[in-house]
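Down below is the structure, laid out as structure tokens.
All chains are identified by letter, namely A, B, C and D, in their written order; residue positions are counted from 1 within each chain.
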């Protein structure tokens, strides 16, 4: 927290929708959940925020848990090397997104989860509630509507993939569920607990298996190489952990075998990652011996 | 007609929607309308067909006639050098389409025409009826619905431009009018007459002015450099006239100062231009002295 | 000339090599040569200037005259839709340049001409001397050396095509001949006379045939669609003639069946075309009835 | 070794130069060097092979050790998301390569090392000799000459970056040193020992400091996200260690704090990584607990 405080002024909240633009960049919170379910928090760690792209991680895990590896024929697992909403690579690669964490990839994942469960949004909400034990977690309808109202770029991505046959549900349904799970509100404690299954090599909080050990390792690998937009290399260097960021200001990082850490502060850097959360996670891995490098 | 007959077998009708795929590739017609309104025709010249992209030419002329040159700030006038539905160039040029005859550009033109007239489809239909004197010209609803049902690529283009602020009407409205004016049915005679204003340097059939002389020249120049998808150079060489093709198999060519020629045959080459219409127009300009080169 | 004078201040000489940067933007000349060899000139029409890309037109004609249509398997004939030195399209199209007037295409043409004649530079110089009757035409060695010293982009293009097997001579030889024929000095009269073969449908000044009627038409078509960098559509509209520009400030335009016009003024617009030459040619075609539209 | 043996048939040696194409795909070796200098080996671990791109890792470390972080203004540190020799991204990013392990980036690193030491090839050879204690390590001249003779793509990259001012030495010198350090022959033992400084957080075998702890961590992070061409995500999943591969069939992987492992077998997969070395490293990290995930 001492590391984050001085840099908070350097970030700016996401401004493409009013609901996010109004966030106070001075807010900062952080929570650590061990594999055993022990939780520690500082600052605004119980303040709910918009999880945004962090939900992509849970949608991916749930789609894999329900449908297995068939998903990997519809989305690749390599870094994109382009800003997260680029259409260029999607065109040259015939509608197959580079990885499940760019927007195009998350739309395919959402489409798959919708086919598998009938309710992609509900599946993510239920999972977060169960892992965190917090029944209050839910979609913020105002944010979801605001996203939908500013979602032309995502609609373009979705229609473009549909033109290649890589969406199976109606475009509007997929977009609706996508915006809805990105608009979930949760706090640092909730997300750190919900990320535990990746630290426990696939086991949920109750000890049941969500994913095979291999699938959990796979997700961690994709997080490290693709989890933070166009700054995965920088994140790997500074934090050295698999992590997923969202433009709501949250970053969820996984320490395999040990636990999960979620930091939050609304101010973003040019790449769309939270300035304060990044600084706090960097400081955390430097002080602990939890970096992988 | 003798030139077209032997090559008809080499083309294949557009197959992305059933309504076009069923066209008989052995059909061929051609009509010539002089600037004075004299008309000559051969073959199936009175057989209505789907005008498809040829409508883009009329939409452009009408948008310019109502709104003037402000349109050119929303769409450029240079060849695209990419297949007609590419998103790559659109992304690198910030949502400004390369020219009004690629799909993205025609969507912007349709959007402008919709803002200016309240009914883009109606404006094109009315114009074609008046210039041809044929009140039966109308949108083929079955084709329009079929287009809409297979229109993910165009929807992606429209949402993508909307994300840059380059569509002013709701995306679904723009797409609806676009599909509707592309789905107009007309015959070679109708189109040759309706294209006369470009041969008359901007004057309509009744002598009233639709466009300034400069605007008419502009459209002819854009037709020559951009009117036939990714084969403008080939068309310029073989036919040597400003022209616009459609995947319904029609090609409308302008002979400035003299008249307009429309040829039609459903079989298309790899670039999407009618094999028979192209051969007939090439033969026509070789026999007459009407090529510009 | 009256049309050109007021706009001369708006252009800036090419500044990538000192030899061109020093040109006086107030200089302006223009010459018209009829198909019969009659010549008229105004202003600095006898002032030699660096022909630059205009030489690409002669290199192409000579390569076709010696080698026939095999060349078209190594270079396409469609507009590029990208700035004239872009590598992107070249990569996606496997080392086949879009047309013979972008730099990559002209390098392939130079390579072919070198293979066919043993001396690409010499072939162009000889042709210009013979058609103009001016034995003083020659490469400006200082300009050629300066080009070579700043030619990393062209070297990249040449090596890139060589990696696809689309250059047959050593890269340095091709670059040497390319820079040498681009560095030829000639005046408006010389170039207007030398361009006459395209107005005479392939016949040289002495009545002998350089190109078939079809090849001459082909070159005119490619000039109209691709001859003025990324502004072919604008040139087609404003001038309405096949034309080729060079960053030395010259533009050579062809009036099929009638003659050739060369205008020159060193100041360039953003697309690399001479501001003064463009204005003069536009005025010329407006006053005469020589536009093709 | 048991894991590698069954898959050796699936790979094919690099075939772009004869010197590599002749390698026997049944050869396989592997060596492990701990941070204390203890070495274990199996199979053909003392058989020298062409290090190829693995040398990029040493060139980077040496350039950073001599010149510090100024290098990072000339090369980025993010995954490229494109095949390793693509020019597209280089063009859109103004001649700044995406990372030091794609060819363009390694050329910039070589240029910097050449400026800093006067002998980029010699610097890499000397370092490998000193860390491994093997004075026989040297450039294979036949391979280097063969590379140079097939190096048009790299020459294109080099000239292209020079056109942006991002090479400071003559292009031919940079290419010469680049081909020379890629053509070094060394064996698994040599490379595992030479990679030890990254496992020792920057300390050389003799305990002296080559790089700061931060720079060593940086290199490991870039290796994990960018070290294996277009398959970094797959490598992160299967092996879970920072690693660098070469088309000679070698892969050098770093286990931070513990040691370095080098595996070699000439047969490559479609992404250019050794099939046998990859399988052996995957098996190794599964049996040990050395994966980072």
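FYI, a residue touches a chain if its C-beta (ideal position, glycine included) is under 8 Å from a C-beta of that chain, and two chains touch if they have at least 3 such contacts.
None of the values given here were measured: they were computed from a predicted structure.
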For chain B and chain C, chains touching each: none
Touching both chain A and chain C (chains): B, D
Chain whose Cα centroid lies at the greatest distance from that of chain A: C
Geometric centre distance via CA averages, chain D-chain C, whole Å: 46
Chain A-chain D separation of Cα centroids, rounded to whole Å: 32
Cα-centroid distance, chain B relative to chain D, in whole angstrom: 55
Residues of chain D whose C-beta touches two or more other chains: 92
Contacting chain pairs - touch in the sense defined above: A-B, A-D, B-C, C-D
In the complex, chain A residues that touch chain B: 86-88, 91-92, 152-153, 155-160, 162-163, 171
List of chain D residues in touch with chain A within their complex: 76-82, 89, 98-99, 217-218, 220-222, 224-226, 230-234, 236-237, 240, 242, 256, 291-293
